[in-house]
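Scrolling down, you'll hit the structures one after another.
Shared between the two complexes below is chain A, which has chain B as its partner in the first and chain C in the second.
And then the complex of A and B:
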C-alpha cells in the first residue's frame, strides 16, 4: 500500500487508478492510504459542476478542461451520478470526454455511480478528490447530475460551484424552482445557440437580483457545524460575491473564455477574502462530524447483540415501544463496548 | 401537550395543525407527543408521489384524493419540497389543491420545505406522516419534487411509490437517466394529451422490460440495515411486482380510475405477499438507525469540550493530523459522558 501511494504521488497513472479503486470501494488499507496521502492535499482548486440532465455539463467540463490544459494546468475530473442510486450505471458523457482528452497525461478522469447510500457516495467522492489533489492535479472538476439535495451535498466538497442551465428544458420558472441556484457561484446558460437562451439568461439574472441570494460560504454554514457561527467566512458585507451569468456553446468553445475568467475571479475572491480558508475549515468540520457519526455507530453495533436489535424492532412494530424510547433503552445498556 | 394529542386523535383539525407544527419544528414536547401518538399509528396506506418538476404531480394527487374521497376514504397530503433546501419556499401546487379540496374535513394538507439538512427533512416528513396516521387518515400521499437521492430517501417512508413522468420534458432517454424508475411501484405518464405521450409510455415500458428492475422492497433492503438479508420480503420469485405504466390527464380525470386500480393492486400485493410487514420492519430499522446515530452524536458533542474540536480541526487544516486519526483520538478521550 505504501508503494502504491508513493507511486501515485510520483504521477504513475496505473498506480493512481489502482489507488482510486481501493479508495472508492473502501478496500483493505484504505485508511492507511488516505492518512499517507493527507499531508499532500489541500493544493487543488476544486470546481463543482451541476445542473439538470440535458444541459450539456460533460461537454462544458470538457471545454473547460481543454482551456485550462492549454494554459499548462493539470486537470482531474470526477463524474458522479447520484440520480441512479441503484443501477450503478455508467456516465453518459464519458465517451465524448474520452475522445477529446484521451492521451493527455495532464488529465485524469474518474467516473463514479452510487452503489450504496448517498452518504457513501459523498464520502467516496471526497476521498477520490483527495487522492487526485495529493497526486498533484491542480484543478479538479466534480461533475454531478440532477437537481436536488444530493448535488448540494456533493457540492460541499467544492470551492467554486458552477450551475448549468440550458434553454428549452421545459418551463423556465420550473427550471429555477427545481434549481440549485442557491449553491451557484457561477451560472452558465449552456447551449446558448438554442432558441430561448436569452430568456433563460434573463430569467436567471432577474432571479438573482430578486433573491439577493446568500453567498455559497454563508450557505454552507447552515449545515451541521461544530464551530461557532461567528467564525463563518464572508460575513462582512464587502465580501459578498454576486454569481455572474455566462452564456456558452460548449462544443464550439463559445463563451468558454468568459467562463474561465468568471471562475478565476471567483477563486481570486475566495483567496482575497480568506473565504477559502473558512470553506476548508467547514469542509473539515463536516467530514469530522460524518466520520465521528459513522465510528460511533460502528462501535455501538459491535457492542450490542443482534438479538437485542431484533427484539427492539419487533416491539416497535407491535407498538409496545416507541422509537425514541427504544433508542434510550439501547443507549442505557451497560455492556456497550464504549 | 397531552390535551393537544388527545384533541388531534379526536379529529380536532386546529389541534392537529398545532401538533404538526410542534412536530415539524421539533418544539418542546415533541418526543412526548410522538410517543403518545405512536400506539395509534401503522394503519394508514402511505403512497409516495415523485417526479420531475412540470409533470403535474400536484394535480395528479388532487385527482387521486378526490377519487378516494368519493369512495368514502379519508386522505392526508404531505407535500415536501427537497429541491429548495435553503429558500424554504412555498409549494407551487398549493393553490390548485386548496381550491379543489378546501372545506372537505376528510382531507388534511400539509406543505413542508427544507429548512436545514435533508436528514432533518426526512425525519420531519416521517413524523408528520405519523401524526396524520395516528389521527386516522386512511390514505396519506407524500408528494416530493425532483429526481434524486432526496426523493429516494423520502420515498422510503412510503408503501407504494408513484413515479410521474410527462411528455416533452426534454429528451426521453435523459428523463429516464435522471429518473427514479428504480423506486417506482406504479409509473404514470401524466399530461397524456400532449404530443409525445405515447413515446414516453413506450420508452418507460421498454425500460422496464429491459431493466428487469428489482422490486421496491428489494431495493429498500440495500440501505443501512440492522437485520440479516434473508429477512427481506419479496425474496421469492413468485412475489415479484412489475410496475404498470398508466397514462393520465389529471385535470380531466382521464386515467385516474385505472391509476387507482393499479394502486389498489399494489396494496393488495403488498398485503398478500406479507411484503407490507417486511417494509414496515425495514422502515423501523432505518428509523432506529437514524435516531441512534443522532443520539450518539449528541452525547459525544456534550461530552467533548468545544476547544478540543477547534484544536483538532485546526490540526487537520494544517495537515498535522489526518481526519481518521482525529476521529480515533476523539473517541479514545477518557472523559466522554458515555
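And then the complex of A and C:
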C-alpha cells in the first residue's frame, strides 16, 4: 500500500487509478493510505458542478477543463452518477461528453456511483477528491448527481460551486429549487441556444436581486450537524459575493470564457477576503462530525447484538416502548462503549 | 480481502459505425446485474478506450464492433492496454465476427467473443467469472 501511495504521488496514473479504487471500496489499508496522503492535500481548487440531469454539466466540465488546460493547469474530474436502488449497479455516461479531454495526461477523469450514500456527498467522494488533490491536480471538478441532497452537499466540499440551469425544464422561477441559489457561487444558464434561455437567465437574476439569500456560511451550518455560534473569519465579507449569471452553449464553447472569468473572480475573492480559510475550517468541522457520527454508530452496532435491535424494534411496533426511550435504553446498555 | 465486490466494466464502441443500440442494451443488462458500467459512447479510438480503462480501473473492458474492423481494432486495444499496465484487465468483444476471426482473437488473449445471438445472462456470467479470477487486487 505504501508503494501504491508513493507511486500515485509520483504521477503514476495506473497507481492513482488503483488507489482510487482502494479508497472507494474501503479496502484494507485505506485509512493508512489516506493518512499518508493527507499532508499533500489542500492545494487544489475544488469546483462543484451541480444541476438537473441533462442541463449540460458534463459538457460544461469538458469545455472548462479544455480552457484551463490551455492555460497550463492540470485538471482532475470526479463524475458522480446515481446507483440504481434496484440492482446496486449504475450506468455512468459522463465521459461521452468529455471526449475532447482524451489523450491529455494533464487530465484525469474518474466516474463514481453514489452507492449507499443516499444521494448525499459520500465519504468516498470526499476521499476520492482528496486523492486527486494529493496527486497534484490543480483544479478538481466534481460533477454531482443533480438531484436530492447531493446538490446542496457539494457546497460542503467545494470551494466554488456552479449551479447549472437550462431552459425548457419548466423555465420559470418555480423550477429553481429551494436552496440552490444559496449554494451557487456562479449560476450558469446553459443551452443558451435554446428558446427560453433569456427568460431563465432573467428569472435567476431577479431572484438573486430581490431575495435576501442566506450567506453561504449560514446555509452550510444549517445543513451541518453543527451550528457554530460565531462566524468564521472572513465570512461576513462572504455575504458580499453576488453570484453572477453566465449564459453558455457548452458544445460550442460559447460563453466559456465568461464562465472561466467568473470562476477566477470567485476564487480570487475567496483568497483576498480570507473567506477561503473560513470555508475550509467549516468543511473540516462538518467532515469531522460526519466521520464521528459514522464511527460512533459503527461502534455502537458492534457492541449491541442484532437480537437486541430486533427486540427493541418489535417493542416499539407494539407500542410497548416509544422510539426515544428505546434510544436511551440502547445507549445505556453496558457493552455499547467498548 | 475486499468487502466491496462491485464489478466495474467499461463499455466502448471503437471504430466508425454509428449506432450503439446493442452496446446500450448490454450496459443496461450489466447495470441490472449490479455492475457499474462506464459507457464512453461512439467512435472511440483504441487510445481512448485504453486510457478510459486505466483511469476508471475497470475489471473488464467490453468492445462493441459492428463495422467489421475488429481484426484491426481489437488487437490494438489489447496492445495499448498492456502498455498501460492493464494486462490483468479482461477484454471482451461483441458484434458480428466470423468464426475464423473468433479463434484468432482468442489466440491473442481476448477473453470472450460474443455474437449477436448471445444471451445477456451468458455475458453476465462470463464477466462475473473473469472479475472473480481477475487481478486488480488494489
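Simple rule for what comes next: the second predicted complex is superposed on the first by the 296 of 338 C-alpha atoms of A that agree within 3 Å, B and C clash if a C-alpha of one lies under 4 Å from a C-alpha of the other, contacts with A are read in each partner's own complex, and residues count from 1 in each chain.
Here is the rule we go by: contacts are C-beta pairs under 8 Å (C-beta built on N, C-alpha and C of every residue); 3 or more make two chains touch, one makes a residue touch a chain.
This one's a predicted model, so the numbers in the text were calculated from it and none came from an experiment.
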First, second, both or neither for A:102, with chain B first and chain C second: second
Contacts of A:268 with chain B and chain C, given as first, second, both or neither: neither
Partner chain in contact with A:284 - chain B first, chain C second, else both or neither: first
First, second, both or neither for A:17, with chain B first and chain C second: second
Greater chain A contact set [chain C / chain B]: B
Which of chain B and chain C A:110 touches, first, second, both or neither: second
Footprint overlap on chain A, comparing chain B with chain C: 83-84, 86-87, 89, 92
Interfacial residue positions of chain A with respect to chain C in the complex: 13-14, 17-22, 24-28, 83-84, 86-93, 95-96, 99, 102-103, 108-111, 113, 115
For the chain C and chain A complex, residues of the former touching the latter: 1-4, 6, 8, 27-28, 30-41, 44-45, 47-48, 51-52, 54-57, 84-86, 136, 138
Chain B residues within the chain A interface of the complex: 31, 34-35, 38-39, 41-42, 52-54, 82-87, 89, 92, 114, 116-118, 121, 145-153, 168-171, 174-175, 177-180, 182-183, 211, 214, 219, 222-224, 226-228, 277, 280-281, 284-285, 287-289, 291-293, 295-297, 299-301, 306, 309-310, 312-313, 316-317, 319, 322-328, 330-331, 336, 338
